[in-house]
Structure formats: structure tokens, C-alpha cells
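Each structure below appears as C-alpha cells.
In the two assemblies presented below, chain A is common to both, partnered first by chain B and then by chain C.
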Partner chain A sequence: MLEIRGIQAGYAGVSIIRDVSLDVHERQVVSLLGANGAGKSTLLKVVSGLLKADAGVVTFCGEDITNLRPDLIAERGLIQVPQGRRLFTRLSVIDNLLLGNSPRRARPQRNALLERVLTMFPILAERRSQLTGTLSGGQQQMVAIGRALMGAPRLLVLDEPSIGLSPSITQEVLDQLTTLNRSGLTVLLVEQNVAQALSVSNRGYILENGAIALDGEADALRRDERIRKAYLGV
Partner chain B sequence: MQKNVFQYLAVLAVFLAGLAVSGSLSRSAIDIAIVALWFAYLCQTWNIVGGLAGQFSFAHPVYVACGGYTSTILLQHLQVSPWIGMFAGALLAMVLAAILCWINFRQQLPMLTYALITLALTIIGVITLHTSSFLGGHEGLFIPKANSPLTFRFLDRAAYFYIILAAVCLMLLLTIALRASRIGARLVAIRDNQDAARMLGVDVLRATMAGSTISAGLGALGGTFYAQYLSVVDPSIAHVELAVQIVLMTAVGGIGTVWGPLFGPLALVPMERILSREFVQLAGLGQLFYGVLIIVVLLVLRDGVVTWAAKRIRQRRMAALIAESRSRENGATG
Partner chain C sequence: MDTFLQVLTQGAVLGGVYALIALALAIVYSVTHQLNFAHGDLMAVAMYLALVGSHALGLDPYVSIALIAPIMFFAGFLLFRVVFASMLHAPHLVVIQVTLALSFVIQSTLLLAFSANFQTVHSVLSGEILNLGPVSLSAAPVLAFTVSIVLGVLAFVVIRYTDFGRRVLAVAEDSEAAALSGINVALVQALVFATAVGVLGVAGPLVAPILVLQPTAGLHLTLISFIVFILGGANNYIGTLVAGLIIGLSEALSSLYMRPAEFAAAVPYLIFTIFLLVRPKGVLER
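Let's turn to the complex of A and B:
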């Protein structure tokens, strides 16, 4: 579904990521793992069109989307839950959710999508007219995910959803992802939290210093000696 | 939605209050009121993009000049009534705004560029007006006074007062409706976080294009009004200072709010007039005092008077709710 081939990108001529390739197949949960500064967010910016790639190709559902405008990438069904949630804090919960319904492709399904999101996160129905700036961290993450779901994603990309959340709330969020995946949604999960991310993934990629250091089935990665030492602290 | 009903009633109250005081205003007071309301109208139109979307435009003087000059030229050369000519001016302003918007938002340029590009247009506009003999150069164009409602001319100043009062009230209604609409939510989203909006599929160019052309067109209508009211349109209408005043007055009232663009000019325009009259012996002292006052207001209240007041009301309500639930708890336990 998503194929990333040989991507090189960076800022002001300095390459942050080099020759990164990655595949997400339909109905999978794939995690992209790595420490702070490994280049995860840079790669996601290229995928979502916010940053131009210096080399390489991003293909989504058979179509070349490299360096396409961000709103047009969202229009094709590749939708991101950005790092730090990036909610519209001056708008209410419901307005945030409805803004997620911007892609033309998703607009006809607006009411059905909204009902699904509010069933999934009942607390959001309760707080629908509250400004999102006044919600708790976990609730804000729900709005961010719900907002992305309102765009009827074919591939949902989450950039470090665990930031600022307690481990138990992180687990709740990841459980929701598993449920969504079972109902057919493909997920690319970007995380520093290697153990929790691998526990819900089919495959994983480890990004180190801007290049893929290791990739494989999630179970195999969890047993890998190097990963156990470097990331899992075992 | 209940909140909106309340807001619509408040607009009606403003309109009725305006009508009620109009009879008792002296000649000089009605002139100050007209200018204050005219500034409020311009601030309201600026607020659509400057306030909701947070994209500061300094091109409003050019849009105002588009309105004033176009309707006057059409009146002088083709005997077209300004009531019709003002829409031609609005169209011209909308085209200019669309071009600026396209230049700025086609690329993902940083926020400040929009302010700079629009400022450049205003500077070019002023020079053009001063040097073009077709547009009357420094002198501008004159509109003979007459009592001719069909050509937007009245000898009774009260007529201008009613027109601008109605326009301001219509802008209040438009702002309330816009804030509740899909396009309004998009503009606010662009102000809060442009990248996040893009990633969700919001077409930033389209949204800002819609917002800024509406804003420019409505601003141009204000230009025609002012030309008719003064019976003259000259390059001073497009001065850079006007762009700064619009931003400043809106900031004092509350940028992005419904009531801020009305409150700022209604407080500041009369104050400026009174101060410069009181300190007529010491030229500039009034201006100085006015400037210091604005700085103090913005330092203390930051987001403007209306935003500050709304926050206080919300805090009070919250405190009342907490006190109420506490006393209920105490009642239950005690």
C-alpha cells in the first residue's frame, strides 16, 4: 500500500535521512522505531508532503505521491495524526472533528464517520462543545485520532502518540489501534516506545542515524539480541 | 447555538442603540461617530483574514482606494451611480487580493511574507495614486455635493450615519455566521496550525483565497462610502498609516473576535479626536498620550479588551459553578 524507496531528505542541504526504504502492506500495523533524532519525523514529513525529498520515491496505492501537496496526499487517504497532536485549540471538539472531514472523498460519509468516532470515544460526545485546549492529554489524543478518522483514511499514520501520556493511557490508545486495524484499517505507527509499539505491530523498522538499521517481523525483532539490549533494556 | 441567538440579539441592540442616539448627536459628534463606525467596518472586513486566519494583511488601504476611485471614475465618466459602481470597485479589489493570495499561498511561504507582500502593494498603490493624472494626482477626484439618494449623495449627514451603522451591523452578522461555518473553522484552523490543517486535507490556498477576496471586496465597498461621505477621494485614503490603524484598533478590541473590531475603533477614534482637541496648544502631546495608551492596553490585556472580558466572564462562571457544587457537597455531608 505504501512503498518508500531510497528517500533522502533534510534541512538546508544537510541530509537527515539517507536511502530509507519501507513497506506497509494493506491491513498491517507497521511500526517505525528509533530514538530521538533518528530521523523518524523527517521521514514522516516527506511522506505527508510537508518536506521535499532530495531523492527517492514515495508510492501510495500504486500512485507516485512524492512531493505532492499535503492536502492532496490527505485527499488520497493517507492521513496523519501529528506529533504533539497539533489540535486547533481555539475550536471545540466537534469543530476539530469536522475539520478532519476536509477531504472531498470523505465528505459524503460525514455523519457515519462522526457516529463511529463518537461511539469509539464516548467522552468526546460528552465534551463535544468544549474547547480542545482544556482537555486532558489522553482526551486530546482521542480528538487527534478521531479527527484523522473523520477523513476516512486508508492508511493512518501516527507520529509518537505516546508522548505526554501515561503508560496505561498509551496502552488504551494502542488497544484502540488494534481494534481499528481489525476492522480493516492499515496503520503506520512511529514510536520511541519500542516494546509497546512492537506488541501491537506486524512488522517493525528500526531507524538509526537516518538509515534503516534493522527490519523484520515484530516477534522476531522483539527476540533480537541487539534490540533487547539497545531499546528494551533487558 | 444558543450563544448565537444571544449574539444576534446583541447586534439588534447595537442597531437600535445607534438609531436612538442618532437624533441627539451634535454635528461634530455625528462626524466623529461616522468616522468611528467607518473604521469599525474596515476592521471588521480586515478581521476575516487577519483575525480568523491570523494572516495579517496591510493591503486594505489599496482595497479601500479601489472602491473609492472606481465608483468615482464611473460616476464622472459614465454617469454610473456609485451604488452600482462600488461593486465594480469591489471586483477590482477581489482580483488584486486573489493575485496576492495566490503568490503567497501557492508556495508554503512563512507567515510574515503575507504581511510584507500586502505592504508592498499598498506602497505601490499610494505612489500610483499620487502620480496618475487620470486619477487626479495629489488632488484626487471631487464629487459635487448634491441631495441625490440615487447617486449615493446626501446633504443630511445623518443619512451617512444610518448607512454605515447598518453596514457595521451586517458585518457583525456576517462575522457570527462565518465563525460558525465550515470556511470559518478552516480559517481558524489555519491560524492555529497551518501544517496540521494541510495534513488533514484542508486546501489552504482555497480557504485563504475565499477569505481574503471576501475581505477585500467588502473593504472596497467601505472606500466608496468614504468617498461619497467626504465628496472627495484622494491618495490619503490609501495611506500606509491606515493599514497600521486598522491592525492596531482591531488588536485593542480583540483580533479574531466578533465584537473586538467594533469596540476598538468606537473607543479609540473619539478618544484620539478629543485628545488632539484638548492638547491643541501642545501639538503632538495628544498623539503621544494616545500612543502610550494603546501600548499600555496591549501590554496589560494582550489579546484585546473583548478577549480579556470574555475570559473574565468565563472564569467567574467557572468559579460560581465550583462554589455551587462545593456548597451542594457540604449540604450533603453536613
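Let's turn to the complex of A and C:
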């Protein structure tokens, strides 16, 4: 579904990521893991169109989307939940959700999508008129995911959803992703939190210093000696 | 007492128009973070278009709004796409330089086309007086005020209650997050800019029968828009309306009471400075 081939990108001529290739197949949960500064967010910016690639190709559902405008990438169903949630804090929960319904492809299903999101996160229905800036971190993450779901994603990309959340709230969010995946959604999960991310994933990629250091089935990665030492602390 | 009420009402009328043109500036700033030093000059263009409509086509300025507003809207759309869109990530100084240049180009063009002579535009309401109890008001300014307030309220309704308005607020708060949500940020910015210039296309013909037209008229309007915008507080559209009224009233009252009279024009700026010291984040912020 998503094929990333030989991507090189960075800022002001300095490459942050080099020759990164990655595949996400339909109906999978794939995690992209790595420490702070490994280049995960840089890669996601290229995938979502916020940053131009210096080299390489991103293909989504058979179509070359490299360096396409972000809203056109969202229009094609590749929708990102940005790091730090990036909610519209001066707007209400419902306004944030409706803004997620901006892709034309998703607009005809507005009511159905909204009902699905509010059923999935009942607390958001209770707080529909509340400004999102006043919600707790976990509730804000629900709005961020709900906003992305309102765009009828074919591939949902999450950039470090665990940031600022307690381990138990993080687990709830990851459980929701598993539920969404079972109902047919493909997920690319970007995380520093290697153990929790691998526990809900089919496959994983480890990014180190801007390059893929290791990839494989999630179970195999969890047993890998290097990963256990470097990321799992055992 | 009658004079006082008269001047007070005139000030409020002026303030309503100031509020509207500053609101146009404020909404553009919130989605592009660009300050347009040619803002008032674009309004001067609309005033001269009303003059052309009146002298060449025999159109009443109020009728010519139906032509001028759409012309200004499309001109604004083009202007944004050609000039402003290319400096969205440019430093503020570049934006100031380019828009100042635009301001000079407009002023020189108006000077070439219409000479430096002061000119006036007549309307059906010229000389008409409304008697409201103790105050008698010229009808033309009252119409300008009423339309300004209606357009200001309309702007709120659109921003608050429509899908497009929601997108405007989203782009204003976080344009990257808006783009990731599938919003065409460049289009929203161009439409907001075009609408603002279109609003100047309404305001220009409305005030053309009240003000004296001269090629440099835009500079005063730009400066007034800026101080109203800053006084109102960034991203506070209601504050902008209140600030417009404050500046309009202070301008009218100072023209009545300030002695020597030459200093009257400085009073709005003095009030602006005092407000900045007391309320640096805008009139309505605490």
C-alpha cells in the first residue's frame, strides 16, 4: 500500500535521513521505531508532503505521491496524526472533528464518520462543545485520532501518540488502534516506545542515525538480542 | 452639547469604517502573517474606481459597488497569487519592503491617472440629512457605518458558522496541521486575501462621497488600520471592532477640542501609545 524507496531528506542541505526504504502492506500495523533524533519525524514529513525529498520515491496505492502537496496526499487517504497532536486549541471538539472531514473524498460520509468516531470515543460526544485546549492529554489524543478518522483514511499514520501520555493511557490508545486495524484500517505507527509499539504491530523498522538499521516481523524483533539491549532495557 | 453629540456620532461613524478595514487587515494577517503596507492604497484604488464610475459612466457610487467589489476581489486574488504567495516564508522586512513598493506604485499610478488635485464624488445621498432627536447627521456617513457594521457581523457569522470559516480559523492557528487535515492552505489564504480586498471594494465607494480623494489618501487608511489592528489584539476580531470605534471617536473628538488644531491628527496615535502601555495585548485582553 505504501512503498518508500531510497528517500533522502533534510534541512538546509544537511541530510537527516539517507536511503530509507519501507513498506506498509494493506491491513497491517507497521511500526517505525527509533530514538529521539533518529529521523522518524523527518521521514513522516516527507511522506505527508510537509518536507520535500532530496531523493527517492514515495508510492501510495500504486501512485507516485513524492513531494505532492499535503492536502492532496490527505485527499488520497494517507492521513497523519501529527506529533504533539497539533489540535486547533481555540476550537471546540466538534469543530476539530469536522475540520478533519476536509478531504472531498470523505465529505459525503461526514455524518457516518462522525457517528463512528463519537461511538468509539464516547467522552468526545460528552465534551463536543468544549475547547480542545482545555482537555486532558489522553482526550486530546482521542480528538487528534478522531480528526484523522473523519478524513476516511486508507492508511493512518501516527507520529509518537504516546508523547505526554501515561503508560496506561498509551495502552488504551494502542488498543484502539488494534480495534481500528481489525476493522480494516492500515496503520503506520511511529514510536520511541519500542516495547508497547511492537506489541500491537505486525512488522517493525528500526531507524538509527537516519538509516534503517533493522527490520522484520514484530515478534522476531522483540526477541532480537540487539533490540533487547538497546531499546527494551533487558 | 449638540455639537458634542454631533461629533461623537461622527466619530462612531468613522470608527465603524475603520473597524471594517482593520478587520480585513487582521483576518488576512491571521492566515498569512503578512502586514500589507498597501492596504489603504488598495482602498484608495476602490475610491477612485467609484470616481471613474461616477464621472465616466454616470453610476452612483453606491450602485458601482456591484461592479467594484467583484473587480477588487479578483484583483486581490491575482495579487495574492502573484505577489504575496511567493513571500509567505520571507522575513517580515521583505514583506514590508515589497508592500511599501506596491503602495508607491499605486500612489504614483493614481497620481498619473487622476493628477494630485483633490476630487469629490457625488452620490444620491449627498446633502441629505437625517434628523435623529438632538443630532442631525449626514445620510452618507450613516450608510457607510451601517454597511460596515453589517459586513463586520457577516464576517463573524461566516467565520463562526460555516465550513469555510472553520478552515480559516484552522489555517490561522496551525497551517501545517490544517494542511495535514486535507485543507488547501494556499487556496484559503488566497480567498481570504481576495475577500479582504473585495471588502475594500465595498468600503471605498461607500466613503468616496464622504472623503476628499487624493492619490496619497491610502497612507492614512493604512496607518489607521495598523493601529486599530494592533490595538484590537492579534487574532481578536471583536477587539478589532472595539478598537476601530475607539480610534474613530478619538479622531473626531480631538478635531473638535484639540488646541492647537494642528495636533488633532496626532491624538489617535497618542491614545494608541497609551493603550499599548496599559494593555499591550489589545483592548480586550487582560
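We adopt the following convention: the second predicted complex is superposed on the first by the 234 of 234 C-alpha atoms of A that agree within 3 Å, B and C clash if a C-alpha of one lies under 4 Å from a C-alpha of the other, contacts with A are read in each partner's own complex, and residues count from 1 in each chain.
Simple rule for what comes next: a residue touches a chain if its C-beta (ideal position, glycine included) is under 8 Å from a C-beta of that chain, and two chains touch if they have at least 3 such contacts.
Every value quoted in this text rests on a predicted model; they were computed, and no experiment measured them.
Visitor: For the combined arrangement obtained by superposing on chain A, do chain B and chain C clash, or do they fit?
Guide: clash
Visitor: In the superposed arrangement, which partner chain does A:Gln80 touch: chain B (first), chain C (second), both, or neither?
Guide: It touches chain B and chain C both.
Visitor: What is the contact status of A:Leu50 with respect to chain B (first) and chain C (second): first, second, both, or neither?
Guide: Touch partners of A:Leu50: chain B and chain C.
Visitor: Going by the contact rule set out at the top, does A:Thr170 touch chain B (first), chain C (second), both, or neither?
Guide: neither
Visitor: Check chain A for residues that touch chain B in one structure and chain C in the other, and list them.
Guide: Residues common to the chain A contacts of chain C and of chain B are 48-50, 69-71, 74-75, 79-80, 82, 86-91, 95, 98-100, 102-103, 106, 147-148, 151, listed in rising order.
Visitor: Mind listing the chain A positions that touch chain B in their complex?
Guide: Touch residues, chain A against chain B: 48-50, 69-71, 73-75, 79-80, 82, 86-91, 95, 98-100, 102-103, 106, 147-148, 151.
Visitor: Looking at the complex, which residues from chain A come into contact with chain C?
Guide: 48-50, 69-71, 74-75, 79-80, 82, 86-91, 95, 98-100, 102-103, 106, 147-148, 151
Visitor: Please name which positions on chain B make contact with chain A in the complex.
Guide: 108, 182, 185-186, 188-189, 191-193, 195-204, 256
Visitor: In the complex, go through chain C and note every residue touching chain A.
Guide: It is residues 163, 166-167, 169-170, 173-174, 176-185, 235 of chain C that touch chain A.
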